[in-house]
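Below you will find the structure I want to go over with you.
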Amino acid sequence: MATHSYLSPTGVEIAFVLVGLVVLGSGLLVVTLKNLVHAALWLIVCMGGIGIEYLLLGAEMVAWIQVLIYGGAVIVLFLFGLMLTKAPIGRTEELDVAHRWPAVLVGLGAAGTLVTVTVQAYQHTWFEPRDALALGSSEGLGTALFHYWVLPFEALSVLLLAALVGAIALSRARREDDGPDELPGEAQA
Amino acid sequence: MSSLSWWLEVALRIVVIFAAFLVVPLVVGQMEHKAMAHMQGRLGPMEAGGFHGWAQLIADGVKFAQKESVVPDAADRTVFQIAPAVALIPYLLALLVIPIGPGTQVGVALDLGLFFALAVMGLAVIGPLMAGWSSGNKYSLLGGLRSAAQLMAYELPMLLSAASVAMAAGTLSLPGILDAWHWYWLPWQLIGGFVFFTAGLAELQRPPFDMPVADSELIFGAFTEYTGLRFALFLLAEYAGIVVLCLLTSVLYLGGWHGPFAEQHLGWVWTLVKTFLLAFVVIWLRVSYPRLRADQLQKFAWTVLIPLSLAQLAITGVVRVL
Amino acid sequence: MHALYPLILGALLFSLGLYGVLARRSAIAVLMALELLLNAVTLNLVAYGSILRDRYGTGQVFTLFIITVAAAETGLGLAIVLLLYRQRATADLGVQRELAEPVESFGADELAATDDYGVLR
Amino acid sequence: MNTLAFASLLLPAFGSAVTFAGGRDLRHVKFWSTAPIALALVGTILVAISHGTGGTSTETYTIGTAGEFHIEIGTRVSGLAALTAVLVAAVALCVQSYSTSYLGGEPRYASYAALISLFTAAMLTVVYAADLIVLLIGWEVMGACSYFLIGHYWEREIARAASIKAFLMTVAGDVPFLFGLIALGVQAGSFQVHDVIASADGNALSHPGWIAALLLCGVLGKSAQFPLHSWLPDAMAGPTPISALIHAATMVAAGIYLVALLYPVFVLAPDVLVVMAVIAAITMLGAALCALAQTDVKRILAYSTVSQLAYMLGGLAVNGRSQAVYLLIVHGFFKALLFLAAGVVIHRVGSNELSRMGGLRFRMPVAYTTMTIGLLALAGVPPLSGFFGKEAVLGAAYNATGEFAVPGRIVLVAGLITAGVTAAYALRLWLGMFHGPFPDAPHEHEERIEAPQTELIPLVLLAIPAALLGVVALFGNGFSQVVGGASGESGSLLGAFAVDLWPGGMTTLLSLLFVLGGAGLVYLFWRRDPKADPAVPLLGSLRGLLLDGFRFDALIGLAVVRPVRAAAKLVAFLDENVVDAYVRGSGVGARGLGTVLRRLQTGSVQFYLTCLFLGVLVMAAVYAYVGTVS
């Protein structure tokens, strides 16, 4: 469409880019910070930013689910896990592998490849986020979910059940002869 | 509606809600002081300001403001300092979407209001976690750990019982739910209301679910190292949490602004009345019930509340289909 | 909106997550990087759902699914990490080397002379 | 009749199996080793009688196919086969019954008896076989049995060496023999003996010369002809009854039998016949001279066997098929007799050495009598059977014409000289064993040390045909009618003219002169000193050479063994230092590679993942690039 141009970005686009920068920045901090808890907290920012990006893309329901699940459950799980594994206050030395250059290489290579391919494929494509709004509402998404995706939905419920059982089994996997197996934190207290 | 007046209105709403956010929790706090004092026969809080010790809360506020805000050496400064804000702000955001009266008497009439409220309330629990970890104190850490375990356990029944209401109303919008409300929802959603309110109490770590801050065991749990205004902010967050929980409960299960009469004009009064009644119950419970142990807490969540909320969902579904 | 904004954001986020998975030694940090990867994918899904005007809501529905799976994965992953921590008193992936040859056949001196990857210095 | 032949063939095999299975119970072994062979003898005699003079009869059924050929099991009874079978069965029976006492007390008697039965069955298979492949099976089973039997006393180094030598030398002949058989079957279009002979008669073979030469190699090995003869004297390391069996009826006879059987093929190849004649001449004279020099009784008899077999081969080389077969049968009886009688003597004396014997004629009258008959036959003294057999061959050589003239001359000259030498060593053996003083016993006439009945009865039984079979020759061409004339049963090639076994006047005169000469020389030297060996002055300085069999084994060692050893060393060197170098090199290389790759196998999952993603990245980049270019 001729009306689109790089030179005159719309408000939504500007917002998207700004939030995107926040997301990328916090994401970078998540994978580079020496302080694990800080990284986890930055992950909240990153997830929240992605939630806002969803909103900007017209996926309202997904956005709030993102906040609910990631902010309320996943991050709490992470913090919980960090505390149980005695994440120290301050920098954790040796948090990263000593030779990071292969990982950096892979990361940069992946970025280069993906961006190149994406740019080549979609440099002339525009879309209207508002088109997705009807779908992004609770009603639209619910309709799509239960009209077209009931079976995957049910399969997913089975998966969740399996994960639940698995998590319980894992955390109960202690035999009598294993001896005292207290959490380090409790042992201290 | 012109653009200007729209912006004005938004600004007005935010100011009103912010004011309410600052005032109502204080009222609840004052209420707690007084109610507890009366119930427990405590004489101290009866002195300040003369009649019934009405200025006790102000005295507390002045005391908090005067105190030095200490950050321990072993603490993670940034996180330690941000934690109170993280604990407080989500409740402010949640207030935005809760209607207190019919029509436009709501901060933002969000299509996904219920979802939004629950999502940001879920975020609020990160505050105590941050505080517990960043204090560099093992009691704080244990408090934080207990918080996390407790929060994860009670998130599920809360969401499930809220889902029951949404299912009954056929919408996630809070005004929409109230629009669909009928008096017979009271018995219909009774179990859900009980579960929601109880789980909410546990999320707020109010007694009898206050094991994370159990003062006799952990001094004050995650908040042990906090002093001065930051501690006051945590207290404020707790009372704001009570307000939001009671508001949500009244909106979801007690009909919100619906009342026997004068619904259209004085709906907000009904809402407030119900909210404060519930807040009183919260305070009452604190005074009346002993603290639960960790295992009792978990057991209660998984073996009582979750089955109950599932039963409520089933009842809702059956009635809806009928 | 130009299609490139969300897509490139997704690509860069994916690369960040990839780097994190490869470079972090703490198992929990790796799990966090994994969340970045998943989010990059879901962002792409939502974006493609809009770009391709999918009327079945595939992009968003699958984003929901992936978020659910991610939650389950985090729960299980953390359970595993905790188990690991209980048994080894560390969540450091760098010392979990059961896939390598036993130390006896390699020689303790040589093992001591290896870096994080186990590569001989 | 064919069924009866088949039964006769199977009976010893069955007896062998039962003997093997039955353990060491002596009575069981004795019964099952003799009774089936006795029945087989009856069967073969009945077959021979019912066959009479009429042609051949074949009865087969197919048991499998090899390519376009059918392998058929069954029997083919001809006059030749019927008579040879009787010989085999009779000798085998004598050997088995003789063995019951000769070896009856030995711990390995059971396996020994079973192997003899199997040996007999294998020989009967060769005789009765209607199919060349079946014949080959019997042929090779005999080789295996001979290996085991010669090595019966495997505790002794010499027995082990002899058994291996016998096996290797016969197999060395069997390799070309196998090729010859295959070529024969391919060219004839069938492995049926019947078809093969028919196609040879019809001159339908494209390369009869090559086939005959290849087959001859196998015959040389089996029948111990030069240059594959040296295993036979060494085979004396086995028990004496085995020698009787091998020398008289089975192993060595198989070679002659095969040539007689496939005679039409050989007739098509005159060059091979000349070679055959030369080999026969060399072998008969050389072996006889060796026999004259030997001091070991059994080795004397062994060399005499080689020499006599050369007579037969010579007879075959000069178109004297009937004569050769006649000699084969006659020789079978008297040679078996000689071995068994010598075994009796050796057993009593406790030594093989001629010098340890002497003056036994009164102590062992039965052995003396039968051995005298056997030796007279061997020497060719009329009217014993050996005389007629030898005269028949010499007569054939004398009468040979046309393409057989050259071999005829060779065989005739060699045969006449050999007759003299044969008489000489026969007399020497006789005198040495039974006359003169017994070395250790001062009262030589006093006690009889005769063998038990079970050993003597076979001697007597064998002495009868050895003495009287010459009668057959008096019936003119009767015998040759039975065995099928000059060139085989169908007799179409050269015409089934009647062959007269009646001794010719000229050859008889000449050979008797040579016999008298040879015997007289020996007698003269013996008279001079009965205690001494007459061969010592007779042969002079040649004796040492002859005692060693012309040092033929040394020659073989020089010509074959050392090059082979050297080659083996070379191969071993190549294997250890060249082939193994690659193997070791691959091991070292793999180890080195492993050491290098080990550094990648760190156990760090993240490192693996990094490598994985690097790979994926490279692929994606390449794919993207290709996509961009195209």
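The first chain written gets the first letter, and so on, giving A, B, C and D; residue counts start at 1 in each chain.
Just so we're on the same page, a residue touches a chain if its C-beta (ideal position, glycine included) is under 8 Å from a C-beta of that chain, and two chains touch if they have at least 3 such contacts.
It should be emphasised that the depicted structure is a prediction, and the values quoted were computed from it without experimental measurement.
Visitor: Looking at chain pairs C-D and A-B, which one is connected by more C-beta pairs in contact?
Guide: If we tally the C-beta pairs in contact for C-D and A-B, the bigger total goes to A-B.
Visitor: Per-chain Cα mean versus the mean over all protein Cα atoms: which chain has them closest together?
Guide: Located nearest the centre of all protein C-alpha atoms is chain C.
Visitor: What whole-number Å value describes the gap between the mean CA coordinates of chain C and chain D?
Guide: The computed centroid separation for chain C versus chain D comes out at 84 Å.
Visitor: Using mean C-alpha positions as chain centres, tell me how far chain B is from chain D in Å, no decimals.
Guide: 115
Visitor: So the centre of each chain is just the mean of its C-alpha atoms; given that, what is the distance between chain B and chain C in Å?
Guide: Each chain reduced to its C-alpha mean, chain B and chain C end up 35 Å apart.
Visitor: Taking each chain's centre as the mean of its CA atoms, how far is chain A from chain B in angstrom?
Guide: Result: the chain centres lie 27 Å from each other.
Visitor: For chain C, what residues touch not just one other chain but two or more?
Guide: Residues 18, 22-25, 94, 116-117, 119 of chain C each touch two or more of the other chains.
Visitor: Show the residues in chain A shared as contacts by 2 or more other chains, in ascending order.
Guide: Residues 61, 65, 73, 77, 80, 82, 84, 87, 97, 102-103, 106, 110.
Visitor: Got the chain B residues that touch at least 2 other chains?
Guide: none
Visitor: Got a list of which chains touch which?
Guide: A-B, A-C, A-D, C-D
Visitor: Inside the complex, what are the residues of chain C that reach chain A?
Guide: That would be residues 1-9, 11-20, 22-26, 28-29, 31-33, 35-36, 39, 42-43, 46-47, 49-51, 53, 55-57, 60-61, 63-65, 67-76, 78-83, 85-86, 89, 91-92, 94, 115-117, 119 of chain C.
Visitor: Given the complex with chain C, which residues does chain D contribute to the contact?
Guide: Per the touch definition, chain D meets chain C at residues 598-610, 613.
Visitor: Can you check the complex and tell me which residues of chain C touch chain D?
Guide: For this pair, the touching residues of chain C are 18, 21-25, 30, 93-94, 96-101, 106, 114, 116-120.
Visitor: If we count contacts the way the header does, which residues on chain A are in touch with chain D in the complex?
Guide: Its residues touching chain D are 97, 102-103, 105-106, 109-110, 113, 116-117, 120.
Visitor: Would you mind writing out the residues of chain A in touch with chain B in their complex?
Guide: 35, 37-38, 41, 44, 60-61, 64-65, 67-68, 71-73, 75-77, 79-80, 82-84, 87, 89-90, 137-138, 185, 188-189
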